[in-house]
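Two complexes follow with chain A in common, the first pairing it with chain B and the second with chain C.
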Partner chain A sequence: MNAVRPLKLMIVDDSNIIRRRIERSQQIERLSVVGSAANGREAIDLFDRTDPDVVTMDLTMPEMDGIECVEHLVAKKPQVLILVVSALADKATAVEAIRKGANGFLCKPFTDRQLNDALAELLQDV
Partner chain B sequence: MKSSFNWSRAQRSPTLFGAALLVFALSVLWPGFRLAGRLDDTTAALRLVSEQRRQAEVVAGALVSVRDRLESFGYVDEPLGEVRNGVAELDGLLRTLSADTSNAGTFSTSPGRAIQGAEALRADVGVLEQSWADYRKALVPISAFQGVPYADSEAAGVQLNEAGRVLAQEARKAIVAARKQGPLLAAALGKVSTALEAESTRLSSYLRLLMLAALVGAVTLGVGLVYFLIARRRQAALLADAQRQTNDILQTVKEGLLLLDGKGRIGATHSGSMLRLFKRESIAGISFEDLLKPIVPAKTLQTAMRFVEVLWSERTKENLVKSINPLQEVEVSFDTGAGQETRWLEFDFHRVKSQGKLVNLLVSVNDVTPRVRLARELAESREKAQSQVDTLLGVLHVNPQQLRSFLSDSDAAMKMVNAMLREPAREESAFRRKLDSIFRQIHSIKGEAAALGLGTVESRAHEFEDALKEARERPSLSGGDFLPLVVKLDDLFTHLGSIGDLVSRLAQLNYGPGGGSEETEEAGAPAAAARATIAAAAAPPPTPIRADDPISQTLSQLIEHVARDRGKRARLVAEGLGEVPAAYRRAVKDIAVQAVRNALVHGIEAPDFRERSGKQAIGSIKVGFRSEGPNGFRLVIEDDGAGISLRKIREAAVNRGILTSEDAARLESKQLLSLLFRSGFSTQEVTDEDAGRGVGMNVIAELVKELNGRVGVSTGEGRYTRFTIVLPSVAASALATEDVA
Partner chain C sequence: MLTEAEIKTFIDGAIHYFAVSARQPVAVGSPYLITDGTPTVHEYTGVIAISGRRNGAVCFTAPRSMLMVLLMRMNETDTSETNMKDLIGEVANTISGNARRDFGKEFVISVPTVMETEGGKFRPPVTARPFIIPLNWRSHSAKLIVCLE
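Right, the complex of A and B next:
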């Protein structure tokens, strides 16, 4: 991947607040947001149209289960980097998401710093 | 030898030792064997030569004897035989010595080989052969003689016959030859014999040297062997020591340690604590799954096994894997026979790599029960302390009359909720009705607690609401769904009790140990009264309350709290709230609390925004109550805020799937506004303690409905929102309420 070109980021979250927080993150300078989706089905559509390199994914959304969505995205583009955002208590879901190919995990609720660290770790190998 | 031993050296030693032994055997034993063979040959040759050494003399003697006997007509067969024998013996000797030995077996004795192996001997034997050949020529006519040498006649008596005369002549010639050849032959034989002896001596000394070398070699090898055995024993001892140390560590370490292989099996080596931690006799040969199965719920087990699977896939970073470890602090329960024992275990996983390849997972297990219990106790006591401080501070700030009214109201409400929970219900609809009624009771407690600034009560009521909401959202309801509610109710109930308790302790403090405390110890109402008085005396409210009636006080405090939290400014304009009949006081308060809260959260704008819109920075919330004679009562709550956005209602209705976008566009403002009173409807995106559950409006509608009243709303976008509630006269309402209950 070209280091100069910013990576394309797709945000999948049904909460505006979280979307905005991700857009405000420091790591965002390395990324350019190509769009956000509020549910799994929208996410798949948007993914097909914009071909993002990085995805942040809320796991509890209507329409399509986040895990299922992760599986679809990884099948479409194996090198995509997916940061799963989910509730702390729900380790089973996190394990499942990682198993299906997600690359990072961020617990809700999170601080800006945690968000930043999670994104930085996700992007460190790029 | 160093104390640490070298494995590769230890492995190589036996091989080297074996090779040395073989080389030694070949280099000593084979030449030794060859040498012994040659010595044997030489000895045999020497023996043969020695036997024939005197043969020349014997033959010479026999020749003389033959001549003499012939002269005296004696019997010649005997000396003739000796001659013949001598010839045969010497022939045999030379045949043997010069025989072709190329076919002689390695293991057989061959005297000829001794001669042919040595150049000098071959020459000596050549001389011997020559000497014998010459001698033999003279002997042949004699040894070849057959028959009788005498003729016996009457006339002449015994006389030599023709053959006898020849024989005598030959004998005389042979004697002459023997005199010349005999010593030569004897000398040749002697020379061969001497040479053989010398050869034999030489071979013997060689052999001796070789044997000496063999002896030295054997001793060296023996020493080597002993050294090697000692080294082996020391290595074995070191190995045993290392094993014992490992074992000691594993037996002593408190941590449970085990290795998992790629098939999820537990390795044979694990720490002794494993058995204690898992209360098992043995864990050898079982799988990790078997280990966890009896002590964790199926869901946890499944997650754990998937997690282990993720650990094996090296694609995932170790840090990430650690952050999602579902067994970081896992609750396990053991069947002890006398019931279940609960403990907390902490599992930590490490990837074990060998030459860059993941070969095992090292799992360490710790019993963190004391830590978890301590943490919980700490959290509990911290929360308790915090809540006591909060409660105390809250209580100190509350107007005594209001606190009394709140405590008695909430006590009544709690009892009602308790009664509702106990009330038998079978049908789904009955359960739902029950939930809705409980919800309204709790919601009003929450509203009032918020108004009084009793944050600890408010948060508990909020939690209760969450539980209720969850139950409400279930597709089907049963009695079991109410069990968690009972727990929450108990929590809230206990908390309210502790506030009462705190208030009475404050009262005691205030009155001192004198007669006044007697009164507070009395049950029920007097205590509440005392509490209120005390609170009033101990800590007068910091802000002056303009209106005197409890409803106005509650509302102005609510406005103060919510406005502060939200960065807004507003004031209450109350009218006629002191006139509310007792039967309606509770309901009017609940409705007003809800409506005022809505007005402040959704209506009143931020001060700077208001100023920009040409309004006063401080918003105004009017709450008016008046009697309309036989037509009942009218309660009006009006704010000068942003009004209700019909667009937002449309969007929310469409997003929540209540309306299609076409329908939403078609609906008139009145119909749209009526949506606000639907259960679960909210335009707010995020739920917080003040708004967003979509219950506020619905509560108002339900309360009004219970009282058999009507509610209407009108709004001017950007200007105002006004709720008008019309309640029937008290008697009419009472009838209606009984119907509902």
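Right, the complex of A and C next:
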């Protein structure tokens, strides 16, 4: 039987409420939160220090937006799994995020179940 | 000027936000156009500037008492001033971002700006007249202000 590998989660969102909500609500046993960042620049710095396996990424943020941050993170670690969590509900934005290297898209507002389902789907082959 | 369908986009966004985040329905009053002067606002106002194909702003304004209960409904134990400001901005951001489902990618939204506006008035950033969408949730009243050219 394969052992389930523990994974590190980084949360990126300019809203403190959303960062805390994701940390509180995520119930995937193998995921442990290693830190959170409020914009793309902070996220890159935190990424370098903590080397997460999974990232939840907001898109509309000050300093550096989520799409640009996704590109940076994927360049640093191509196997990182990124779930975009954004209010931007148009298809073109979701397609662009995936094209830049994100692995999933969850639209705000979301329920706890939707968050956990999206994370579980992201991790199904890991 | 907003069309009826465009106003409905924002009404649907507000209904969806409360249904999902607060797990309680919001009652929407009849939208109306401000024809003279500027809209009055509650204690906190979250403002999203709109650019791209449209110009203007989408604002959510609410009293402290409503934000406090909304935070608690979201299982948030930190009901500090900072988190209330964060919440008012996040509501405005979420409703504006969701509107891109209908308006498309050229409906460009800014990061939220939060104003403390007790007893104040909101001066729209464009000359277009603002539409007010009244919202009632539990015993609290709030407004969505949509002002687009």
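Quick notes
We adopt the following convention: the second predicted complex is superposed on the first by the 118 of 126 C-alpha atoms of A that agree within 3 Å, B and C clash if a C-alpha of one lies under 4 Å from a C-alpha of the other, contacts with A are read in each partner's own complex, and residues count from 1 in each chain.
The rule is short, and it goes like this: a contact is a pair of C-beta atoms (placed from the backbone, for glycine too) under 8 Å apart; a residue touches a chain by one contact, two chains touch by 3 or more.
Predicted, not measured: the structure shown is a model, and the values here were computed from it.
Per the definitions stated earlier, placing chain B and chain C onto a shared chain A by superposition produces a clash between them. Within the superposed three-chain model, A:I98 lies in touch with chain B and out of touch with chain C [touch as defined at top]. When both complexes are overlaid on chain A, the residue A:D117 reaches neither chain B nor chain C. Once the two complexes are overlaid on the shared chain, A:P109 sits against chain C while remaining clear of chain B. Which of chain B and chain C touches more residues of chain A: that partner is C.
Of the two partner chains placed by superposition, only chain C is touched by A:A87; chain B is not. Applying the stated contact rule after C-alpha superposition, one finds that A:R20 touches chain C and leaves chain B untouched. Applying the stated contact rule after C-alpha superposition, one finds that A:E71 touches neither chain B nor chain C. Touch criterion met: A:T60 reaches chain C, while chain B stays clear of it.
Among 94-102, 454-462 or 634-642, the region of chain B with C-alpha atoms clashing against chain C is 454-462. Residues common to the contacts of chain A with chain B and with chain C across the two structures: 15-17, 92.
Of all residues in chain C, only 16-17, 20-21, 71, 74-76, 78, 82-83, 86-87, 89-90, 93-101, 103-105, 107, 109-111 touch chain A in the complex they form.
Considering their complex, residues 299-300, 302-303, 306-307, 309-310, 316-317, 319-321, 323-326, 685-686 of chain B touch chain A. Contact residues on chain A toward chain B in their complex (touch as defined above): 15-17, 91-92, 94-96, 98-99, 103-105, 121. Looking at the complex, you find that chain A touches chain C at residues 14-18, 20-21, 24, 60-62, 86-90, 92-93, 107-111.
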